[in-house]
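The structures considered in this document are given below.
Both of the next two complexes hold chain A, though its partner changes from chain B to chain C.
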Partner chain A sequence: MTTTKYINISNNQAIASTDIPEHNYDLFASGNLELMSGNPARHCVNYFGYRVADKIKLICCIADDDLHQILVSSSLVDSSMELASFTAQNHNFEKFEREIHENFGIGYIDHPWLKPLRYACNRTDKDQRIENYPFYEVDSEELHEVGVGPIHAGIIEPGHFRFICNGEQIMHLEIQLGYQHRGVEQLFLQKEKLLERTTLAENIVGDTVVGHTTAFVNLWESLCGYTPDYSLHYARTLALELERLANHTGDLSGVCADIAYQLGNSVYGRLRTPIVNFFQEWGGNRLAKGLIRAGKINFPFTNEHAKRLVEVFEAYEPDFNEITRKLFNLPSALSRMEKTGVVSYEEVLEIGTVGMAARMSGLNRDIRSSHPNNLYGNIDHKPIIKHHGDVYSRVQIRKTEIKQSIGYIKGLLQEVPEFKKPEDFVLTPQKEKFAISLVEGWRGEICHCAITDEAGNLKIYKIKDPSFHNWMALSQSVRNNDISDFPICNKSFSLSYCGHDL
Partner chain B sequence: MVSLLLILLMSLFFTGFIIRTKSILSGRKGPGIFQPMRDIFRLWKKGSVYSTTTSFIFQIAPSAYFASVLMAVLMVPHGRNPGFISFDGDFIMFAYILAFGKFLMIVSALDTGSSFEGMGASREALFSMLVEPAFFILLGSFALFTGQTSFHDIFSTLHYGSQVSYLLGALASFVLVLIAMIENSRMPLDDPKTHLELTMIHEVMILDNSGFDLGTILYTTNLKFAMYGAIISNFFIGVLPYEISIPMFFIIQLGFAIAVGVIESFMARFRMGHNPQFVFILTSVSLLIFFGVLLVLGKFA
Partner chain C sequence: MLNNLKILWHQGKQFIPDVTTAKVPGIFRGRPVITDAKVDESLLLDLCPTKAISTSPVSIDLGKCTFCGECAIQFPDKISFTKDYKLSTNDRERLIIKEGDDQAIELNSDLIRSEIHRLFGRSLKLRQVSAGGDNSCEWELNSSNNVQFDMSRFGIDFVASPRHADGIVITGPITANMAESVERCYNAVPSPKIIILAGTDAISGGIFADSPAINREFLSTHHIDLYVPGNPIHPLTFINGVLSLLKKKS
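Here is the complex of A and B:
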């Protein structure tokens, strides 16, 4: 297999959409599967289809973490065709192929789990409804089923969990999502103004505002051939790390709540507040909405802000260190976290998890070091890798990444660049371009892809949130665990429903 | 009579004290002491909603549960003043009248046909079963120690013996505090604050109860707490006059409530699978008391 079968692009690079090599399906399948087989440094960042006349064009993007390149290839297939699935050989593609099947009706002869994914309004088979999801069933006198949701007990987001249990022990968990589907990708095409699209990007996932908006603006700027200056990169990198810090702290609080450790719950919860309040001081919104904009920033980061942030950290760090010491030395807490919800290296590799859900089991997946965007190329980022794949590993990753993020932010604060006055100018996307943008959000890798048509309008916009694959890792992690340990497994993954459902 | 009044009074603000302790320890001001009781009064004013899959068992269970605990309260003495019901061997009736109420709650949880509630019912049954030997070995030891077989006689003759009785009393209150925590589904076995049905024990059993029934169940829990506190206080009150015994009763109850609050603030809940091991500790401590009694009485040759 030679590399001419693919086009190699870097993160945030725009290429002519006609440059993507097109193969017949068999060659396309065997080529991409061969790329992935036996190489943990490669994983599929996006695989999607779109209609071209009455045919379906499939585009597959495989990221190579060693080469720091993304390998893109394509194939044109008929929607009536019955294809051999990628999934039969590599489960990385399981969700992607389910999506393609749902949207375009492409049949797969050997897909093991061809169930509805998110019930898009324009799906081909309208008989597949959320009420008649084909759950996996076991016919047994001893086993029993427990259905949880779709209304969450803590009223967060909706999702249905179906457990098959043997007494207190979970044998199998199936997660049915799609309740939150809003048609975000379609809305990107319908809303024509840049401001509307940016606002849309901010609302893909409510807790990853900076992550998704940064992915969008990076992508948009590369589609328009605009090179942002240092200050814009600076603000985005800073905001990404602050968002990571705030969410990791909030998750530690959530984990403490789920093991009923009240002190940890209240202290970590209190520590998150000054971080999100800093976003309020900087950009006027605690979740950083309105902060990240393509080609400009409306809220320049000044030396006063830098001084304030240092003060925030001075108050944050001693308390964080103290409560962390307490939590990680508390026998009752350790006994809940250690060896709970284990996912092995082989499993995460097979599922293709990203972010913390990969690094917990020794799989190095971190866009900040493998495909650095914004200023991450200047920071010599060392991913935090743990090896046990249990709740404790996931909690430890959060603890260590919080310290790492504070270090990075302090480094950035050493030299605050000059910010230009924001000016409004029209960014027009180039014609017939394909661009891909990868960002390491706090949960993991976020991938946005876009293609423009002959007139320079958006033709297709694809989003992949880290939760897309990671939900499967959650299902795997709870097997053979107590059903009462499910909440803590769930919290330690802390996945997004709307990020999956789009 | 005295004991009934004291327990009813204490039950009004026992849970309030626990919640207040937890709030202060986590750096919050917290609700007033009477807030849990206000919530219960609010619930008592409401009607109940019954699922169509439930039968009459589901409707009578909360009242029967309350009645069983009230009847158990009637048997608890206060120092030299016996309870309303007092006879030889009354502590056996005490244990089983409580078990009767619990049995009805378990059956009513199964009656709803919900997979959650069945799970909770099975957990509740398991832990109650494991607690039983601890309770009987404990009271059996004291019966042996004093040569009496009713609550009132055991407690009023307890302290005519030696100083060892105070040591035994301390061990007994340790066991009883933990039995009370288990019976009332508190930490470290169960987390009453959680919103996660899958980890609950008692709370998940009453998910389908609403309005008046829910208020009754919650009040019964408060009453049970105060009742166990009263039994613990009896180990120390002995035959002291009321001027001393009544303040002591309140101090011991408050200490008990604060201890529950502190335990719940500074530790995590146990893994469900470790709970049975923990409950067995109680039985072994009870056995320790039993051997202590045998030693004191010189039953070992």
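Here is the complex of A and C:
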């Protein structure tokens, strides 16, 4: 056992994997729980296991938003062991421990909700089948259940929602996911070429292509000891903000659709188009696939692009402002959004939500200011925080962040850097390294972690999408609401299924 | 009321008047053209992340291609992507673009069932099933019916229940965990019915083709009426493909 409890690292820092302190499980548990206890500036960004011979190595990464550091520690356990869960004391770990249980068979003596997480193809118990998920049930004459999915009414990804209702009122919602599981993390190890892995990163979540691919390339470059130049940071930062803008606009359209406000639905819907079309003008793809690459960019951002983007904003802003003024002054719209789907500060803290699903309830979680990647260190980002935790807060955050993103982009456009001609060179990961990469995608914090072996091959690749924790906030938000308000609650969170299922 | 009218007025005309001739902005990667320039074919073969490229002669399978464009960047004399977004076809072989090919991708009318135009020519209702789709094709299918692309002007709509549908549109590589649901959804659609595969993941599995977590048995036991390539599909690729499928056989 080492004397230091944790190793402190920064976002995108690669360290020798042997430098991660290893503790016996009890010390590992008490240390990490103590770190998080009573400190909202700390949360768990990743907690996962991997096989080392016949044992399981657990690695826990706690981000400290005040110190701008990530505290990493580890423990080696037997898969036959029955452990005391972290979750019994802190619900941030609930999903992480379910995953560890599902994938490695580790038992927990006091985990309150030890159910299958995503029916991963590499789960230990293949008898667990997705069609037999053990839903929470209530034996009652008065209450009834409503099951929705896995296939939903709209054009949307699959997942099963099971409501327990008292008449029209929702008492409880359990969300069962896993239908989207494609084995992404395994494929990262299976695929050996950089372009294959980059393509994989682009297909983790198709509405967050820039977010996940930036997390991947930042991580990859740090594993390879490569320092990207300013122009690459510039392109990634710009693309991240554009992606936020496109998705927030699309979500406002979706929210309008769910409150049956047709005009808002149409106008916001069509306002998303020039933004995604700009991605196509820049990189040839409306959702930015093909744009972000490790060590290079195939589509340099030019002064002509900057000029075009200014034109796009000149057309976007007046129409956006006009419909937004209308929506936010429309009593029939406000009455559907205000006090609907409330999640309190205490609840989001307990769940460990990130991104908008934290900022809606007064919890400041924003990687752009707490662990800035790429150019965010220069931007002096001020997170948009709301306090009511309702649909209205989530919609307001989008409205304000759209304006903020346009501001940041305009700032970046002031001075377009010189881009180098893309050249292909071999990026080789260093041996026995651990690296972590955090990016604030439009939904919230994206975390990618990787470890290389003694030959420099990937040993483990772990992804955490913001939706991983945030789905639980949706479940909480609908309690005591009418079931007819479920769609608007769901849309106001706008979570990812494939990002959760991987 | 006046405010609403003002907002409406400010939108102007958003719809694309003719979706069959519209030009896409920028540098869209559509139908590729492969020249007979000599290159090191082994490098080309090795480059493609989804093994969409074959050699002698060099060809690209658009059912496998993710349209990342890396081959055109590295071998600009050999491969270029045109802005032709009409990529849909009902003949899997037509998705393979060979050296020297430079004609439009069309549907093979011999493969279109005769009842399709008669029954669905003026009204086609579709059920969308995402089976491991990453929400990019789903976004573009939604966009197909926004005020710009306005697909419903042709009587083509997405509906909420398979019982109301004339066919299904599958996105994603079809995960093992969704395989049964896809089958059940298809069975719930009344006959006659069609199947459309939208996007590279659905057509070939894409980058997930060799994942142990997918199960594509459904596709080997059913006839596919339309393949719509893209990663994600472009709304115009989808709309033009469906329109070609529905039009009267000449």
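Here is the rule we go by: the second predicted complex is superposed on the first by the 498 of 502 C-alpha atoms of A that agree within 3 Å, B and C clash if a C-alpha of one lies under 4 Å from a C-alpha of the other, contacts with A are read in each partner's own complex, and residues count from 1 in each chain.
The working rule: contacts are C-beta pairs under 8 Å (C-beta built on N, C-alpha and C of every residue); 3 or more make two chains touch, one makes a residue touch a chain.
If you're wondering where the values come from, they're calculated on a predicted model, not measured in any experiment.
Superposition of the two complexes onto chain A shows chain B and chain C fitting side by side, with no clash. Residue contacts after overlaying the shared chain place A:168 against chain B, while chain C stays out of touching range.
Using the contact criterion defined above for the overlaid structures, shared-chain residue A:323 touches chain C, although it does not reach chain B.
In the superposed model, A:403 makes contact with neither chain B nor chain C.
Looking at the shared chain after the overlay, A:207 reaches chain C, while chain B stays out of its contact range. By the touch criterion stated above, A:332 is placed in contact with chain B alone, chain C being left untouched. When both complexes are overlaid on chain A, the residue A:484 reaches chain B alone and has no touch with chain C. Here the apex is the CA centre of chain A, and the angle it makes with the centres of chain B and chain C after alignment on chain A is 60°, in steps of 10. Judged by the touch definition given at the top, the superposed model places A:151 against chain C, while chain B stays out of reach.
In the superposed pair of complexes, A:183 makes contact with chain C only, with no contact to chain B. In the superposed pair of complexes, A:263 makes contact with chain B and with chain C alike. Considering which of chain B and chain C touches more of chain A, the answer is C. Superposition on chain A leaves chain B and chain C with their closest Cα atoms 5 Å from each other.
Touched by chain B in one complex and by chain C in the other are residues 153-154, 263, 266-267, 270 of chain A. Per the touch definition, chain A reaches chain C in the complex via residues 119-122, 130-131, 150-151, 153-158, 178-183, 186-187, 190-191, 193, 195-196, 198-200, 202-207, 209, 250, 263, 266-267, 269-270, 273, 277-278, 280-287, 289-290, 298-299, 318-319, 322-323, 326, 422, 424, 496-498, 501.
Looking at the complex, you find that chain B touches chain A at residues 22, 25-28, 115-116, 118-119, 122, 187-188, 191, 193-199, 264-274.
Residues of chain A touching chain B in their complex: 144-148, 153-154, 167-168, 256-263, 265-267, 270, 330, 332-333, 335-336, 340, 482-487. Taken together, the chain C residues at the contact with chain A in this complex read 3-4, 6-8, 10-11, 14, 24-29, 47, 49-50, 66-70, 73-74, 81, 128-143, 146-148, 158, 160-161, 172-173, 175-178, 180-181, 185, 201, 206-208, 210-214, 231-232, 234.
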